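Below are the structure tokens for one structure; questions will follow.
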Amino acid sequence: MTTPPQSGQEPDTHVPAEALMTTFEAPEPDAEVAGNGGKEGYRRKPGQFKEIWRRFKKNKLAFVGLIVVAILMVIAIINPFITPYDPTEQNLANTNAAPDGAHWFGTDDLGRDLFSGILYGVKLALIVGWSVMLLSMLVGVALGAISGYRGSWVDSIIMRSTDVVLAFPYLIGAILIVQVFGNGIITVIVALVVLSWPTAARLMRGSTLSLREAEYVEAARSIGASDSRIVVRHILPNAIAPTLIFSFSHIGVAIVAMASLSFLGIGVPADIPEWGNLIADAVPYLKIDGKSHLWVFPSAAIVITTLAFAFVADGLRDSLDPKLR
Amino acid sequence: MGKFIIRRLVHAILVVIVATFLIYLGLFILGDPFSSSGEKTIPPDIQDALRAKFGMDKPLIVQYLTYLQNMFTGDFGIDFEQRRDVSTMIGTALPNTIRLAFAAIVIELVIGLLAGIIAAVSQYTFRDVFVTVITTLAIGLPVFVIGIGLRSLLSGEGIFPQVPRSFTVEVPWWQEIILPAFTLAIVDAAFVARLMRGSMLEVLRADYIRTARAKGLSERRVIGRHAFRNSIIPVVTYTGVSLGALLGGALITERIFEYQGVGYLLVRAISQHNNPVIVPLVVFAVLVFIVMSTLVDILYAYLDPRIRLH
Amino acid sequence: MARNEPPTDFTVENPSAPLLEVDDLRVHFNTDRGIVKAVDGVTWHVEAGETLAIVGESGSGKSVSAMSILGLVPSPPATFPTGDIRLRGRSIRKMPEKQQRKLRGKEIAMIFQDPLTALNPVFKVGDQISEMIRVHQQVTRTNARKRVLDLLGEVGIPNPGVRINQYPHEFSGGMRQRAMIAMALANDPSVLLADEPTTALDVTIQAQIMQLLEKLQEERNTAIVLITHDLGLVASHADRINVMYAGRIVETGTCDDVFYRPQHGYTFGLLSSLARMDRSRQARLIPIKGVPPSLSHVPPGCPFHPRCRFATEACSAELPPLESVNGGLHRAACIHSDQVALAFAERTAE
């Protein structure tokens, strides 16, 4: 809605725009993210990061999630130093032992210390999670931006490719790729990236499309900025938000996917103490008393990790654009 | 509407062609599916029979067409393990998967829709907060954690059948289906509830709801007809896609509960490197998914007339 | 009121009462920023066949007061500390919800600003109008459908047979508003509340819509309450005007009264900031300085005084009552109304 139009045959009698300001709600003291005064939609300024961070902190769940993620990262990085035992060291004399002073989480069916195994699993999960997130975002953002900005046949090809990839149910697709290229952590990462980039690309394309017609883009074009410059400097910073949020929330999905695959015996080799593997090993002992530690601890690890990343992603979404809530 | 349907169908067919080709590429070209490798040794007579059936000695084009033909006529050959006719194996397992899929969908819709509507209509009250919290947690639980948990806690207790159990134990289908169906339904129900709540909250703020009230409609009609019809659209999309995935086989859940559906079949086949079983199941899962996605798109256009112009 | 009169019973109809009457209505919202007084003591009435315009900026309370009539203001968070709304002397507010609902769409109907969002996008237009009829009258589907076709024709929609099966997004803006009008008038209401009916439309379409409303009003003797910020619309189509500011009526009178002899600082400001074609050489346009107040912190005394060029100390002391200068129906809530009138006369003489 723009300025109020005049009424047909009468002399020009419309009320000036300033008299029509809505002040039912007092304006928010903090300015909105994209669209700061004169430099509308320019690259995010450092001041905006503070603003985003402030909003993020307000969300208790997200903040807790962030702390948990930080702890997990630390665990992953200093991993060899904090595992009481070598996670792969087997001790066939002491298998499936319940938790006790020597082994805080007990031992698994190969006699490996479960606590060390779980910690090792953190490292694995985070490596896979972050790799998938970063790589799929890289590919998705690049292709999505090109697709949205260029349009025409480039757009068609990229979109058709996303259609084909998205035609595969997530697990089936992953299984297929791993079947073809063999087991291994790298294959799992590749498989998950292949399955994740289409959604990232579509989100990026969507926001690129809507920003492509924005006025500041027109302005940049009119002063002769080249296409790539426009995309990178003007569109990208603003369009990237939905994709960023999606990719972040996708970390948990990737970790669960990897665990699911190894649970089914695919992907990560069975002798590596990855959470999915550990749970798979626990299946024969499910109804046996005293052995519940075998599945409870890895499951808890997965749930905590997934929830932590999910909360952070939620918080990110709320703080990047409060209106989305 | 008709033109829209045709466009979507054409699009779906193209995707099917490309997808099946990719599967073919992966499984047949990048590796001989019928050779002995690694741990598996395949009796030579089966190997020859399969190679003949899939035309492996003929030129690639013929191979590809034979593969397509076999896939679509249900002629899958014989499996490695027990020399059974693959299509019969699939035929026995499929109805179980279908039953499980629909059971899960029904449960998740009932729970999810109710929870979502109640939460939206009584926003910010205790009921709403309760639903929001529960759904947030449920979404963080992977399906196999839930499945494992339920199996370790409940299998063999009361009406829940023992897992694992031997073939000789007869269990009525409705007993067998409860735990796996709930495992599948819990997370999806949480999604449905959130979707419905969010969608309904947005819809309830819309101008046309105000108009509906201004017309003197009862609150029940305003919510039950005007608001519901608009809010349900994203839920339909999500559920349809969910159903498509489930019909292809809920791999993990079926594995956990040893539920004799196509998912379990596929999982076992993978560990046995039993390619004659793997290939048709993968193709089937993908096909079903594409079909469901297309149906969902068409249904969406029916529900939201604004899309038809697209 | 004389002391010996018996108290009026507002639960039954009173033939001598005005058709629709709003009596000292207050609508307050409880927000975390304090109490927002969206409507703060508003009294007016409208008779059959006349058009009352309620003019004001966004946030002046004009829409909220109209929506309160139909009970469309969600409560909580709204409260109604005082006030009554009466249809033919019978209190609407005291009616149970079920009875109020019977009035909505039957006795009192409303059309809204943006017909695209005001119509349900997933139902056919014909079905939505038909619903309006069948909720209030016992008619069969077929008869309702016939009636819808007639209505579509009456509001000037060509090809009603085709249009009845179409969806709102397939209509043009003007046609959508016509359809809304058809829907509002389907049960022949006595009062039509029109909330910014032309704001979202093109200029030429605006004129058509207003003409349509006038024609229908003539035919059915409907009372129309026209809520708008567009003074031009008001000048050509209203009989009487209420000027609202910060939830109160600051001036009321006939069109001529208010347009040619304004008596409130705000009305003066509004009229002076307009460019007018009937002046040979434009005098300086005088915008109103400042911004409208936040409705949770309305200035004491006259709410307009911080922005008013005629304001004095006395203006912030007490809220001026809405009263007339010469005893007629033209009233203003301003203690300096004579000054205002004088200043305006000088301006127009330029």
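Letters A, B and C mark the chains in the order given here, with residues in each chain numbered from 1 onward.
The definition used in the following text is that a residue touches a chain if its C-beta (ideal position, glycine included) is under 8 Å from a C-beta of that chain, and two chains touch if they have at least 3 such contacts.
Computed from a predicted structure; not experimentally measured.
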item	value
Chain whose mean Cα position lies farthest from chain A	C
Which of B-C and A-B has more C-beta contact pairs	A-B
Centre-of-Cα separation between chain C and chain A, whole angstrom	50
Euclidean distance of C-alpha centroids - chain A vs chain B, Å	24
Whole-Å gap separating chain B and chain C, where each centre is the average of the chain's CA atoms	54
Set of chain B residues in contact with two or more other chains	none
Parts of chain B lying in touch with chain C, wherever the complex brings them together	206-208, 210-218, 226, 229-230, 303-306, 309
Touch list for chain B against partner chain A, complex	11, 14-16, 18-19, 22-23, 26-27, 30-31, 136-137, 139-145, 148-149, 151-152, 155-156, 244-245, 248, 251-252, 255-256, 266-267, 270-271, 278, 282, 285-286, 289-290, 293
Interfacial residue positions of chain A with respect to chain B in the complex	61, 160, 163-164, 167-172, 175-177, 179-181, 252, 256, 259-260, 263-266, 276, 279, 282-283, 286-287, 292, 295, 299, 302-303, 306-307, 310
Chain C residues within the chain B interface of the complex	70, 72, 101-106, 109-110, 112, 114, 117-123, 131-132, 135-136, 167, 169, 180, 183
